[in-house]
Structures are given as C-alpha cells and as structure tokens.
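Next up is a structure, given as structure tokens.
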Amino acid sequence: MESAVALPQWRANLATIAALMARAKNELLRVPGAAIPGVLAPTIFFLGLNGVFGALTQLKGFSTGTYESYIVPVSMLQGAGFTGAAAGVNLARDIEQGWVDRLLVSPAPRWVLLAGTVLAASARALIPATFVFVIALLLGAGWPGIDGLLVTYVMVAAMAAVAACWGSGLALRFKSQSAAPLMQSGMMALVLMTTAYAPLALLQPWMRSVAEVNPVTHVIDAARQGFLGGVSWAETWPGIVALIGLLVVLGVWALREMRRTAV
Amino acid sequence: MDRHSLPRSEAVGLEALRVNARVVRALGMRSIRQTFRRPQLMAPIVVFPTLLLAIQTGGAGGAVNLPGFPPVQSFLQFMLAGAMMQSLMLAGNSGGIALAVDIEMGFTDRLFSAPIPRYTIVLGRLAGTAALGLFGSLWFLAIGLIFGAHIESGFTGALIAIALVTATATAVGGIGAAIALRTGSASVVQGLFPLVLVVLFLSSAFFPNELMIQPAKAIAEYNPLSFVVEGIRGPIISGVDATELGEAVLAIAGIVVLGLLLSARALRHRLRVG
Amino acid sequence: MPAIVVEGLQRSFDEVLAVQGVDLNVEEGEIFGFLGPNGAGKTTTVRMLTTLLLPTGGRATVAGHDVIKQARAVRASIGVALQEAALDPLMTGRELIRLQATLQGLPGAEGKRRADDLLERVDLAAAADRRVGGYSGGMKRRLDLAAALVHGPKVLFLDEPTTGLDPVSRKTIWEEVRTLNDEGTTVFLTTQYLEEADQLADNVAIIDSGRIVAEGTPDSLKTEIGNPHIQLQLAAGSIAEAEKVCAEVGRLLPPVDGRMVLVEATNGAADIPKVVRALDDAGIAVESLELVRPTLDDVFVAKTGHHIKVPTTSSAVASA
C-alpha cells in the first residue's frame, strides 16, 4: 500500500479528538446498563444527602429554607466528579488491556490523546447533572434562572474535565484499575471539603479553614448562586478562576504522566 | 466417642469436613494475603470512609445542636458507627471485585475443576472480607480514641462493636460474592461502589432516624442496616442494650441468609454459563 | 539505507537487565526474523523500537529516525500489529481501521477508502460491521494487521503474529506478509516459532536472556551448525546406558525429553548403522530412530546450551 498523505496537524488533531470522543460514547451506548450507575448515582446521592442532613436548615445561619436548593448544585458537581473519575477508570482499563498502546504508537500528540478523554467526560457529565437537576426541581428546589443554570452547567462541565485529568493522571501513573477508588475519593474530597454541607459559618473550625483554601468552594458558591438568589459576576469569576487553575495543574500533571508512560 | 467406632459414612463426613476446612483455610489465607498485599486496594476501604467521616463531622457537625439529637459527647462519637458500616460495606464490595477478577482471569476455573465443594470457594473469599472488616473496626475505634471520642461502654462495648462489624462485613461479602459470580465482571461490581454509599444514606448510619427527612426517614426505619448500625452505635454512645443488640444480630442473620441464597443461585448460574 | 539500526540497545527494569546491549541491522525491503524463547527480551526490544518503551542505554533508528529524539517521526513511519490485546471489543472492524486512519492523520474520505480496501484484502469485508468482540482469534489478527497497514508504513512490526492460531490462519498471515514484502514493506517479525522464522525471514537474529546469540540468514546459520543428528526414542531400559553407548559412537546433544537420546551425525545418514549396531550389541531396544536435519533450534542449542522450546518431531522415520 502506498504511503498516505496526511492532513495538516491541527486538522488531524481535531479529527483525532472527535474520533476518541466518539469511541467514548460506545461505553454508554453499547454496553447495556453501563450508563445507569453514572447517571443515577448523583441523583440518589442528592436524595440521600437531602434525606439525611435536611434538618440542618433548622440551624441558625442557614440562608435558605430548603436544603434541596442548597445541595442540588453540590450533587451536580459531584456527578461531574464521578464521571471524570470514571473516565480515568476506563483509561486504566484500556491501559491494562493494551488498547492505549495503539494510541501511543500512533503519531498523534499526547495532549490530543488526553483531550479526547477529558472532553468526552465533560460532555458526558451533563447527562447525570440534568437528571439530578430535573429531579430536584420536581422535589421543590427553586428554579435558578437561565443565567444561574448556565453558570452551573459550565461549572459542571469544567469540573468533569478537572476530574478526568485527575483520573487520567492516576491511570497513567499506576496503569491499573485498582487506582479507581483513589480517583473517586480524591474528587469526593475536593468537592465536599467545601461549603457543600453548610455555609462557612456553620462548619466546624478545622473544616472552615480547609474550605477557605479549597478552590472548589468558589466553584460551588458560583454554581449555587441561581438556586439561592441572583447571579452576579462577583460570585462567578472566583469559580471560573478556580477551575482554570485546577485544569492547568492537573492537566499538566496528567500530560506529564502520559509522556512518562514509556519509562 | 472413638472415631474408629463411627459408621463409615460418618467417618467420611467428619474427614470431608476436615478436608474442606483445610481448603477453606488455604483459600482464606490466599484471600487475606491478596488483600493485605495490595495496599492501594486496601487503603481506600479505610481511607475513604475516614475521609467521609472527617467531611461529615466537619461539615455537618453543627447537627448536635439540633433539637432532638441524641445526647452524645460529639458528632464524631455519633458518626463512628456509620464510618465502620461504610468501611465494612466497601470491604464486601472489594471482596466481590476480587472474586470477579478471579473469574475474569480464569482462576476460579481452576477451583471449579478441583474436587472441592463449591461453598469452600465462596467461604475462602469471605475470609479475606472478614479480615478487612476486622481491620476496619479496629481502625475506627483507634480514630475515635485519637480524636477524643469515648466508648461509653468501655472494653466490652468495643468488643461488641468489633464482633458486629466483622460479622456484617462477612455477610455483605456474601452478597458481593453473589454479584461477582452472577456477572463475572469486575467492572460491574466496581460500579456498585457509589451505590454502597447510597444504601447507607438510606439508613441511620449518618444521622439519627428521628431527624431525617421523608421519604428517606421511612426507608431508614426499615432498612436492616439501620438495625446493625444502632447495634454498633449503642455501646459507643451510651450502653449495651439487649434489644438493640438482638435486632442487630437478626438483621445480620438476614443478610447472611440473603447472601447464601444469592450466592448459591449465582454459583449455579456460573457453572451453567462457564 | 537500512530500515532499522540498533546499537548497544539496553533496557533494565529495577535491577534486572532485560535487554543487554543488542545490535541489529535491518535492510530496507527485508523480512527480519527476531527469534527467541519467552522472556528472552523480544517484546521489550520491539517496544523500544516502536517507541512504547524508553531504552536505558544505547540507541536505535527506525526508518531513519531516532527512537528517542524523533519518536513522532518514527510513529508516523511504522505500522505495529500489537496482537489482539490492542483491539476494542466494543468497536466494529471498520470503525477500528477508520480510527487508526484518523490517528495517523489521514483525511476522512481517504481513511474510508483504505479501510474498505484493507478489509477486502484481509478477507474481513463481510465481518467489517460486526463488533470485534465477536471475532475469532484469526479474524482479530487479520484486523490488527490491516489496521497496521492503513497508512502504508515503510516498516511493519509484527509481534508474534501467529501465536495461538490454527495452521490455516497461520498460512494466511504468512502469505500476507510475503505479499507485503513483495510490495516493498520492511517487516520486523518476532516469533517463538522456528518454522515461521525459517519460512519467512531473509535474515534472522536469535535472542536469549537479553543478548543476541546468533545472526544471519536461516540457511547460513544452519550450515554453520552443520551436522544433522540422530534422534532415538528408547523402548525401555536405562537412558544412562544408552547414552554411554552412543557417546562412544558420536557426540551427545542435550535431550529434549526423558526417553530420548540425541547423537550428532557428522556423516549424516551413514552414521545410522553405527549407532544401531552399537545399541544392538549392548542389548538396548530402540522404539524409533530418526535422522533430523539442523533447525534453528539446533542453532539455538549450539549457542546457548538449551532449546528454545520443546520441538515437535516432524515425522517418525523408523520404528523398532
């Protein structure tokens, strides 16, 4: 067979990312029932959190009457964390089974390979987020307004990308699915050691200190705006900055790990 | 009664039991060794619930000020039982994953083609889960002590908690094993990991039942895991209560029976499907 | 220009030196056989040449590009058939080849055209839209091969391409490799099957415990070893006795299994009567006797003192 003439690099990169994202959806569409845990888990978690800790709103200092409104953005972001971590688990499985060798042996740049996984996770995270949002609405959470909803969705997609970088980095580091709990725990800690359960003032002192330095606190506060009141730029930009920062740090690390798989 | 005077079939029965016990012990040792040799597998089972314990006490600790909250020394003291429950549920899940991996790898084929009764395979696997459960209970008792939570019933209370946790871990392990045998897929069993948390939320593991919100409150009231949690929590936050203990034991027995039934069916399915 | 040049290539894992200073030269248009037992370092060497693993010492160039410093260029020039592990069971055959085309940077229409052609060529056109998970072992290998060819690589790496396949599938792969080579593709083939290296390779290198122990054309290597040997299967009686008797007639070679005795036959078939007479005189009964011409395994034995693996005897020539 004669040697092929290749596309200009940028077009080849885009095509590769698109193809890898297309492959990622096979996981949901071609494996019966595979999508269910990922879609349902955040919703069930929301129902659980609400049922268990709902009484906290009776404490002085809670800004809203309904715990639903307070935690639905947390559940949506948690779903994003699960989805991203799951992408990491899938990557680990692909590594264990040798599939990733096919990708690594091709001339596709490493960041392109990573981008395929990460963007697929971002897109996928919107599904469980929507599911839990609809359920929450039915249960009495307030309508966040289009602007509030948009901000929340952007935070969710970006958080999923952060989680996917984390999961992918671990997958490439340990080359094993046994790292899965670490992928999921890491994201859980990141999302919940914030104002997830209660406002800053009501947190235990040590948790308050952690939440104050945890960038995801800003993400949660930004995502929560519409559900608690109105959306303002002042509340939104810290969340965006936090996500960009996390993406850069974890993305660079994951890329390093991918480059180091040959070692 | 001298063994030689037993009718032949009974001597065989005793001998068979002895042989099977050896098999269970050997498989059990393997299962325990596997568990403790892979720290990255073990750590999440203790680290994750510890993390959640920290998160929930840090985030929701103000709950002790809610009217109607049972008298406790601290939210941590209340939550220890829940953390232990979570740890043992994860231990059961991880045992299921290990068995599923064995199936995927074909190791179970080696066991199935050996002249050993099927139940020894599951029992052997459960030994590893029980060991993990035991480890988890000790871990959280230690955490509690380090961070200032008393065990109100003292040493006896601690022993009761340990026993209940270990037994429940084994019981839950039976269900994990059943799922592994039925699906033969480690990723499916792995996928149940978030659901473990869910089931616990629908119990009194993390909050007093009276203060929960409907419908979770209603579900938690009848969730067998709630009875187990109360049985573990009782000795920690107050005293040993016979009724609580009895209910916990019954609940565990129920889970054991369920696990046995499911495992038996799953084993039959596995052997049919190959 | 040589297609592959390897100089002092080394790879260690923790303390273990899996590949210890390998030198190789593969000319363009050649089929090169890389032969050795399991664990010899074949796969490790191939992984280094295909940029999946970094060498810890030495250097290598593939298609004129350095595997460490110009890894991207190497990847664009090579095709790698990685065995069935690198297939996705959830994808169809066609989807997989088209994905490979995309990874290689081919435009969509071009990728589609090549996929169709290749699927036809490896006889998978009918199964192309079925999921790979349902393919047989032979089908997966053919798909793997087709995917490796989608961009028309200059150098093709085949890592144990016929391991585990039935003889018919094996023949099919061999024919395909020969055709590819006729079309100008350089083929680097690793295998543990002597017959495969013998049949296909223009040049062969034999690796054992991380070192090259022999190199050359299959014929030249066998001629170097030279002599055929007589393979005896004993009916009964002491092996040690038989060995003592045979040792007086000719040089003994290491046996492959317990009931066998191997004696070098410097005079070929003419040595058979000598051996038979000697054993007869000693009253030792022989179940079968065969004159075995040198194989690459003999080359291996001569260089390393042990066999690559247990060979199967081609046919029993004489039975007692």
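Each chain carries a letter (A, B and C) given by its place in the written order, and its residues are counted from 1.
Please note the rule applied: a contact is a pair of C-beta atoms (placed from the backbone, for glycine too) under 8 Å apart; a residue touches a chain by one contact, two chains touch by 3 or more.
Just so it is clear, the model here is predicted, and its values are computed rather than measured.
Undergrad: Whose C-alpha centre lies nearest the centre of all protein C-alpha atoms?
TA: Taking the mean of all protein C-alpha atoms as reference, the closest chain is A.
Undergrad: Compute the centre of every chain as the mean of its C-alpha atoms, then state which one is farthest from the centre of chain B.
TA: Greatest centre separation from chain B goes to chain C.
Undergrad: Using CA atom averages as chain centres, what separation in Å is found between chain A and chain C?
TA: Distance between chain centres, rounded to whole Å: 47 Å.
Undergrad: Which integer distance in Å separates the CA centroid of chain B from that of chain C?
TA: Roughly 51 Å separates the two chain centres.
Undergrad: Could you put a whole-Å number on the gap between the CA centroids of chain A and chain B?
TA: Their C-alpha centroids are separated by 30 Å.
Undergrad: Which residues of chain B touch chain A in the complex?
TA: 38, 40-41, 43-45, 47-48, 51-52, 54-63, 65-67, 186-187, 190-195, 197-198, 201-202, 206-207, 211-217, 219-220
Undergrad: What does chain C use to touch chain A in their complex?
TA: 50-54, 72-73, 75-76, 78, 80, 82-83, 85-88, 90-91, 95, 98-100, 102-108, 110, 114, 117-118, 131, 147, 149-154, 183
Undergrad: Residues of chain A touching chain B in their complex?
TA: My answer: residues 34, 37, 41, 44-45, 47-56, 58-59, 67, 82, 89, 93, 174, 176-182, 184-185, 188-189, 192-193, 196-198, 202-204, 206-207, 210.
Undergrad: State the interface residues of chain A toward chain C in the complex, per the touch definition above.
TA: 1-7, 9, 12, 15-16, 19, 23, 26-27, 30-31, 97-99, 101-109, 262-263
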